[in-house]
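Same chain, two partners: chain A is paired with chain B first, then with chain C.
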Partner chain A sequence: MMRAWAVALITFKEGIKNRVIFGIFIIALLLFAATTLITTLFMRDIVKVAVDLSLSTVSFAGLLTLFFVGVNLFSKDIDKRTIYMVISRPISRSQYLVGKFLGLLLLALTVGFLLGALSALPVIMSKRFYYYTEARFAWDVFFIAVVYIFIKLAIVSSIITFFASLTSNSFMTLVLAMVTYLIGESTEGVRSLLTSGIEAQTVSPLLSSLVNIAYYVFPNMSAFDLKTQAAHGLPVSLAYMSWTALYALVYITAVVAAGTLFFRRREFP
Partner chain B sequence: MMTVVAFENVTKDYRTGFRKKKTALKDFSLAVKEGEVFGFLGPNGAGKSTSIKILLNLIFPTSGVAEILGTSAGNAEVRRFVGYLPENPYFYDYLNPMELLQFAGKTSGMLAGDIRERTENLLQTVGLWKERKRPIRNYSKGMVQRTGLALALIHNPKIVILDEPMTGLDPIGRRQVIDLILKLKSEGKTIFFSSHILEDIERVCDRIGILVNGSLVRTLTVASEHLDKSLEDVFIEEVEKAGGIQQ
Partner chain C sequence: MRALLIAILVLALALAANAVAITKVSRERDALKKEEGTGLLFPSSIAKIIALEFKGLVADALFSRAQTFYGGKLMRKEDLSEEEWSWIYKSADTATDLDPYFLDPYYFGAVNLAWEANRVKEANTLLEKALRYRTWDWTIPFYLGFNHFYFLQDNEKASEYLMEASRRPGSSSLMVDLAVKLSYKVKRTENAIIFLENILKRTDDEKLRREYETRILALKRLLYLENGVAFYREKFGKKPKGLEELIQRKIINEIPADPYGGAFHLDAQGRVSSTSNFMTIYTHK
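== the complex of A and B ==
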């Protein structure tokens, strides 16, 4: 584990010093500023809009970090053969892959943590400056929603790790990880549409089973989206939080383990 | 003397297309003894880097066995005793040599104090101490090569494997590397290195292996075996005898 952690630290250091990270931070800060301005266009639900936009910014910046910095951290190792320097040391391929995943996770969480803390600012400003504020807003739910964005980013890190273990091409890894993420965002909606209401009778059994397979294979990203609860101050049950966190843990472990199985047999000529 | 690096009937095929393959190493066997400086000589594409990569478990042999200190090259733990400099090394752009050496020391099981001490010694030796805080992306090719050498030696390995260590170095840098290899030799390290530069090989090696088209066509002891001919003549003769270079 110590060796995997050394790989994680070097991955994190390389990632955090990348200039793209500063670009992502600037975009996020501009979006936070825009959030404050946009809320002035609304007559009511001002805090709801501020919460929604702030949390979306944190999620967006985390995803940008993973897709544009994280993917590169993996593929550059293989494209430029930096991996020779790492796995010619007493580090197994599994330790390398787990270390890379942890490094990516650390990077996404650092960006998420800093922006998560800053995301409170537009909400505070909306609450202070505008006459109309919602009574049901609660900070604890807001920060639970931020933590669930972290969990979502951890799942995306594991997906990137998995595809990077299979392909040597950064573009392929990027496309496959993005597609998986987008499918994961929509499977729950599609499934509930097809299994309830009038569509349940008209849809073919084949399509229905395909959607079911996709629902179980792809990560259910919408389960981690607590923006609505945060915006309206709706309580999130402990059972819901525990089950979704456990689901994420199992999914991440399975995906990284599958990645190590492929990576162990991979050659670096 | 103990055998520290061994290849036994190693063959390596690469897939080059559907049902097409290229044999990079053919039934290759070699034993390098402890304390020996073994030079690997061969034209481009002869299989020098392939054999080194098999030894470091970067690629796997199609058949045969590669061993380090009597242990399969696939065992990660054995690499604790090995230092490796790849051909045209590339390191993390935004890190500096201090950070890289710290990583290398830590993963080789060194203590923090030893890493600090050894880092300073090595960076002084390779002439990078003053530049130690600059990110590697601002380094010249020769400086990157010297960082690679420091990385290969940070954990004081028993076996040093160098793949074309003179690539990109100016005459002064080349001289420094030669001196470093001679110093390592005097410390009793086993050195296994490949090069195109016959003069360098001849200067530092105890034994030379000539590899042509994936086969080891000849091994010779530098001190005794080709006194009547230059190494260049011997090399060209062996390449021609093996049927020239097959692409």
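== the complex of A and C ==
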């Protein structure tokens, strides 16, 4: 485990040194600044709009970091041939891959923590500006939502790790991870659309079973989206939190474990 | 040296041409936008899927687009067509499907649809959705109660909604009072004034405020005349033939003007009403 941790730290340092991170931070800060301007377009639910914008910015910046910095951290080792140095050391391939994943996780944690803390600022400002008496907002739900953004980023990290273990092409990893993220965000919606029957169209059994398979194979990202709850101070039950956290944990474990299986058999050019 | 001069010349020309081009483009864009009118709206079930994890954000954008469109029409002093009102209603409906707790589209839809577009049914559909989700907010059943009382003249339903409002936290003690009063069919005008004064207190939209204030003024004058008629009946045991009779009998000094531009008179049933029907009589166009 110590060896994996060493790989994780190197990966994290390499990632945080990347100039792209600065760009992403600047975009995030600009979006936070824009929040206070945009909220003035609304009449009453101003704090809700500020929360929507802030939390979406945190999530978006986290995704950008993982997709555009995280993905490259895997291919770099192979492109620059530094992987030979690593695999010739007394460290197993599984440990290496787990270490890489943990490094990505640290990166996601840092971005999530920093931006999550900063995202409170536009909310505080808009709250001072105007707070409608019948609005509901609670800081505890807000920060629970931030934690869930991090959990979602952790799942995305595991997906990137998985695809990076399959293919050495970083562009392929990027596309596959993005598609997985998009599917993961929409399976719940598509499934409820098919089962609701509002569309009054007969769905072919093949399609509905495909959707069902997708629902179980791909991560249900909607479960980690608590932005609406944060925006309106709606309570999130302890059972919800424990089950979703457990789901994330077992999903990540399964995906990273599957990744190590492929990575063992990988041949390097 | 020559190459540098040419480069500078080309840059200067391009910048000048750019300034001309962008003004042309903005004019063309404005013309195009006017033709386009309202924007594309996906059905809620599809919008929910393509909004990914940014449902709240998409709801904000959809609603803000409708609101800006309405504001632009207001600035240009144009009336909205039926299709445009439908589009505004659908925007508010989709926005609140994406985030069913979002107050602004409910409020905007409910108030403007009912008062300006005469679409009370659609306003109430939005408010009914709000009632299911914003379970802590007493203003939602309050507005529903008002719409039922004032526009639909369904006192029983209105009373039920006001009772619901009174059960929710933060509501004023006036709710129960109003709810009880509504069960008496009389005093319609008085109740409407109390209702509207309460709504006025919670309104910051200038145009709506003016509308409410005019309506309250009209209702107060109506009440004044109604009281005069009631007094006449009590005193003489019969209905007056016209409002002028009230002046002749020195019950009132004058017939007040209808702020909507109509004239107060007694209708065939002996009730006070106005030729304007409390709708603004437009003189322009």
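Brief remarks on what is shown
Convention: the second predicted complex is superposed on the first by the 260 of 269 C-alpha atoms of A that agree within 3 Å, B and C clash if a C-alpha of one lies under 4 Å from a C-alpha of the other, contacts with A are read in each partner's own complex, and residues count from 1 in each chain.
Assume a residue touches a chain if its C-beta (ideal position, glycine included) is under 8 Å from a C-beta of that chain, and two chains touch if they have at least 3 such contacts.
In this text the structure is predicted, and so the values were computed from the model without any measurement.
Chain B and chain C, once both complexes are superposed via chain A, fit side by side. Within the superposed three-chain model, A:214 lies out of touch with both chain B and chain C [touch as defined at top]. Shared-chain residue A:10: touches chain B; no touch with chain C. Of the two partner chains placed by superposition, A:258 touches none, neither chain B nor chain C.
Shared-chain residue A:81: touches chain B; no touch with chain C.
Applying the stated contact rule after C-alpha superposition, one finds that A:48 touches chain C and leaves chain B untouched. Among chain B and chain C, the chain that touches a larger number of residues in chain A is C. By the touch criterion defined above, A:125 reaches neither chain B nor chain C. Seen from the Cα centre of chain A, chain B and chain C lie 160° apart once the structures are superposed, a value rounded to the nearest 10. No C-alpha atom of chain B lies closer than 34 Å to one of chain C in the superposed arrangement.
By the touch criterion given at the top, residues 2-3, 6-7, 9-10, 13-14, 17-18, 80-82, 84-92, 95, 265, 267-269 of chain A touch chain B in their complex. By the touch rule above, chain B contacts chain A in their complex via residues 14, 50, 53, 56-60, 76-80, 82, 84, 86, 88-95, 99-100, 103-104, 106-109, 135, 148, 151.
Residue ranges on chain C touching chain A, taken from their complex, read 45, 48-50, 52-57, 59-60, 64, 67-68, 99, 101-104, 107-108, 134, 136-139, 170, 204-205. Across the complex, chain A meets chain C through its residues 41-45, 48-49, 51-53, 56, 59, 132-136, 152, 182, 185-186, 189-190, 193, 196, 198-199, 221-222, 225, 227-228, 231-232, 234.
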